[in-house]
Amino acid sequence: MFAYARPKGLSETFALLDAEPEARLLAGGTDLLVGVRKGNVISPLLIDLKRVAELASGISEVDGALRIGANTVLTEVINDRRVQETYPALVAAARVVGSIQIRNRATLVGNLCNASPAADTAPPLLVFGAILELAGPDGRRRVPFADFVTGPGRTLLESGELVTAVELPLPADPVGSAFQRMTRRRGVDLATVNLACAVTSGGVTRFAFGAVGPRAIVVADGTGMLADSKTDPVDVDALIRRMTAEATPISNVRASREYRQAMLLVLSRRALESARERLAEARRGG
Amino acid sequence: MAAETMAVTLVVNGRARALEVAVHRTLLDVLRDELGLTGSKECCAEGECGACTVLVDGDGINACLVLAVEADGSSVTTIEGLGVDGRLSRLQDAFLAAGGVQCGFCIPGMVMSAEALLARQARATPAEIREALSGNLCRCGGYNQICAAVAAACSGEGHEAEER
Amino acid sequence: MSAGGAEAGPDGRSEKIAGGRPRAEKLARDARGATIGTSAQRVGGFERVTGSQRFVADLRLDEVLHVKLVHLECARARIGHVDTTEAARVPGVRMVVTAAELPQPVARFGPGYRDRPLLATGETKYHGEPVAAVVADTVDAASEAVRLVHVEHEQLPAVLTIAAARDERSPLVREPGLRAADDPHRDTNTLTEWRFGWGDVPAAHADHVVEQRYTAASTTHFAIEPHGFLAAPDGAGIAVWSSIQHPYVLQRLIADTLELPLARVRVFAPDPGGGFGGKQHAKYEPLLAVLAMRIGRPLRLVLTLEETFQAVRSPTFEIGIRSGFMRDGTIAFQDIEIDGLLGAYADIGHRVISKSSYLACGPYRVPDARIHVRALLSHTPPATALRGFGSPQMAWAFESQMDEAARQLGFDRLEIRVRNLAHRGEEIVRGAGDTPADGDWAESVRRAADWIGWGDPLPDGHGRGIAVGIKSSATTGASYAIVRLLHDGSAIVLAGTSDMGQGARTVLAQIAGQELGVPIERVSVVMGDTSAAPYDMQTSASRSTVFMGTAVLNACREIRGKLRAMASDTYGVEEDRVVIADGTIHLPDREIDVAELMADALGPMHGEVIGTGSRRGDHVPEHPLGGHAAFYEFSCTASEVAVDRETGEVELLRHVTVSDVGKALNPAHVAMQDEGAAIMGLGQTLMEQLIFDETTGRIQNLGALDYRIPTTKDVPLEMASLVVENEDGPGPYGAKGTGESGLLSTAPAVASAVHDAAGVVIRDLPLTPERIWRALQERDG
């Protein structure tokens, strides 16, 4: 069994972590407590972060970015007008993480720190170039989310360090984005493949693919070919294939490697079309 | 500050309860065992089935994935907290009238998820109802009747079930 | 597509709630109690919507101790030394028991074969078989102790598939010493085999032969209530609580295990939170009872969902069918090979295989048939009854085969079925004097075809399918009921049926209410207590309306007879001039109600009038199934789907089931059961399968995260559950039983629709998107 602590501030949190390096951080608990119950997570101390002042929930505009506090639950992210308008792919992804009951507790930051290769929120954050704010006993730093996850269940957090917020850069010009995923049923499910696509006004297309490797990966096409709806579909396909080549899906109880690879292409095409449409709509002022 | 047991205060169905709980016990454990509120059920114990859905500060959550100590200071509503003086709430009435109840094991969780939905919005579309209940599994398979019940409760109908 | 102003919602689906109550039945509030055929509100519904219904895990016993089971992480292992010392030292632990500490030889039990030991002895035989039991003051202490029980073991090769079970070189699942000396299969993994059939298949002529092979994966029940059990010494006897469907079978088992008279064994059976067959037969009750007597305290064991998956599943099936057809589309012969894979212990799984195989030819006219069936053992959790009792898997095969024939012969798929469907009174199993076709089955098919719009044009990518299914109901049975008419005219029904959501309480209250003229609000139903309610053999095979319903009906008739005699005595009127109807005693000169009669007859000392009734279907030893089917459950499913050819995903657009029920005593309950069965059938068709690791035999998708069942978002856009009511059943008011029919023909109807939409044939269940995608890939090169 574990002990439980409920710090009110970051310095108290750091002190607890320093005293007990095996402690685990508890935010929403929807991953951690499952792990504890199954015996996969064995820890002497759970540190409840929900009352830590510096981690307060809330979404605000700060220095040209939308800042999402660490304790912000997914329901809040989904319902935020600014997130809906500027980052629809993130809303679409967040909406399929678990059920409403899960989303009322699970935090976006927690979802990222859990670092599941199939995390639905990872691909959108990658294509939007999200940045994470980290804080530790030695100070603060900012890292691109693209560097944050280092493997299944692993991040580059140092001992005693935690994430205080996610920042999404606010784009100067419209961006069209879309999220797609494949599941085994239409209801709540883990993804066998998930991906996000973002097309910028400048013609750059980014794809991020999840559940097809140890961590989600992001690739970009700067040629403008994918962003151009008049590009020959054969060339679009060829380009998408090259971009998905970095994915390394595996076969498991949810799906086989071949199916995942095939779905990557099918869903990438669909996401691209959707992203392009949204961009066109945004540029029309719709 | 780390502790093995903790004193917590929960307002459960409108009543303040002061308890000393072991920190590893879930809210579901405490509701069922310490407070005798066995209406909330245990099934999957991993947040996939919704049988343990209760409201914490108005939001539907899986009580099996919340430690009782995390809920310290919160207001908790369980199935036992609906209805007044032995009378069914409009929503509970609608569930019965629409024929959405078979074995009944999933029903407390279903009703609480529906309760959370109706607290958020007085009216809900069929798609919104399905979405709101998509985290509650029913194996007897009464989804259509359950959704019809919630729809009927939305439109203010009590004893009459709507033909759809 | 769907009627009436449907618009797309945010998830792209129609803004229409499918189904709801098919007929807007108002609540029956007839003061004269006439509720048959009306959708009387569920007895026990109030408790369920308020959370006050007590399921077995909600019960609290004083001084109870908690039990947790120890199992290994592989299917088959030789058990070496079991070190329980560390576990026993956990504070609060009272006892840690292995097979060695039980009376020797370790008792074995099972409904068909006494093969399952109380705890694994010598070798574990499946992933989840308990090796030890911990008894402790708290669940936490027991769980901690479980982790500290060290079982030395050597993993052994496991038999996990039909092919492995049939292979002579495979290890034996069951020790030959446990098999009868004259058992021809004792050195194999075949538990038993059957040969059914009639006519002469080898000599039969056919214009065209169709031969295919079909498989159906093993699925699990996933009732939302996991199994739970309590056992407490009770004076010189014992009380056992269980989420059991067959309390009296359990009572007998406990009595035998503890060598107690039945009268000293009390089984409480709280309404289960869903059963579906998985709660028919004992799992850990005998162990718990033995331990409770040993320790002298009440014990409680509630399984986790994972442990429940490790306890109950359906058999895996592989069915090869060679069918002869004539040019005119009629069936000439059926030659069928069926392999059913049981678990390590038979439970009732062998019966699932035999009973369903007996009707492997389906509800059709078949001149010559040969059915060879094998029940095979494997190192997997025991396969048991699961709603449909093997008949859905049979329909999967014979209906897919009908589609194949239709394709090859150029027939419309509806037409070929109608052409071959047996008519009322015709034999579907020939030459055995068996129950003939007992309904107008073609009517069910016509109504399904009408509803789905068979023959209407469809958009590209859409397809339709239609299929039938059939199941024998109970072939034997024994149900007894007592009805007590109290002196204020209210009534109590005592019946041993289990109400697990199908609404048995309500139907029995309706029957009593109807027969005695008592409003349903004044009828109480006592179930779930073997000391209170008289014997009922079991709740299964959709039998209770027919068997227990008849028993209740007869008990009420006896009461009416007694009331007539009472009136005759009291008022000096000839008995045959007393008429009892609608709760009123009609005397020659006036009418009085029952309470008045009782007051006049019994005086201020009061009393009551008791009636008993029963219905039995006795064992017929010469019959391969031990008895004739009391009736058949027959249903037709029609389905319309759209298939996304790039991903293999199936969108369920429209779905109808039509069941031949005789008389729907409570139409809403029938519709809910049918719809629930259809949704369960859709789960089995599209997404459910237990996945066993090929080497260790571990179940890989244990639990709700990876074993997917339908949610609110997986339901067809439009659904209907229709009934054919010709009052041609053997039950009260012409009722047959129902509750399983909705899933008998789901899989072949959907697969047929998938083929119609996408042009690929799938012969293996489940029809996952990936499977459909693969078939499309193979076809398109």
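Letters A, B and C mark the chains in the order given here, with residues in each chain numbered from 1 onward.
Heads up, the rule we're going with is that a contact is a pair of C-beta atoms (placed from the backbone, for glycine too) under 8 Å apart; a residue touches a chain by one contact, two chains touch by 3 or more.
Everything numeric here is computed off the predicted structure, so don't read it as measured data.
Between A-B and A-C, more contacting C-beta pairs join the chains of A-B.
Of all chains, the one whose CA centroid is most distant from that of subunit C is A. Here the CA centre of subunit A is 29 Å from the CA centre of subunit B.
Work out the mean CA point of subunit A and of subunit C, and you get 43 Å between them.
Annotation for subunit B: residues 22, 24, 45-46, 48, 131, 134-136 touch two or more other chains. Residue positions of subunit A touching 2 or more other chains, listed in rising order: 1, 187-188. Counting partner chains per residue, subunit C shows two or more touched chains at residues 140, 705, 710-713. Touching subunit C in their complex are the following residues of subunit A: 1, 39, 182, 184-190, 253-256, 259, 262-263, 266-267. Touching subunit A in their complex are the following residues of subunit C: 140, 147, 646-647, 686-687, 691, 700-701, 705-706, 708, 710-714, 768-770, 773-774, 777.
Against subunit A, in their complex, subunit B makes its touches with residues 1-4, 6, 22-24, 26, 45-48, 50, 53, 59-62, 65-67, 69-70, 72, 113, 116, 131-132, 134-136. Of all residues in subunit C, only 9-11, 13, 15-21, 24, 26-27, 39, 41-42, 44-55, 57-58, 60, 140, 221-226, 271-276, 302, 304-305, 500-503, 668-669, 671-673, 675-680, 703-705, 709-713, 715, 719 touch subunit B in the complex they form.
Contact residues of subunit A toward subunit B in the complex are 1-7, 12, 16, 20, 26, 29-30, 33-34, 36-38, 45-46, 48, 50, 75, 98-102, 104-105, 187-188.
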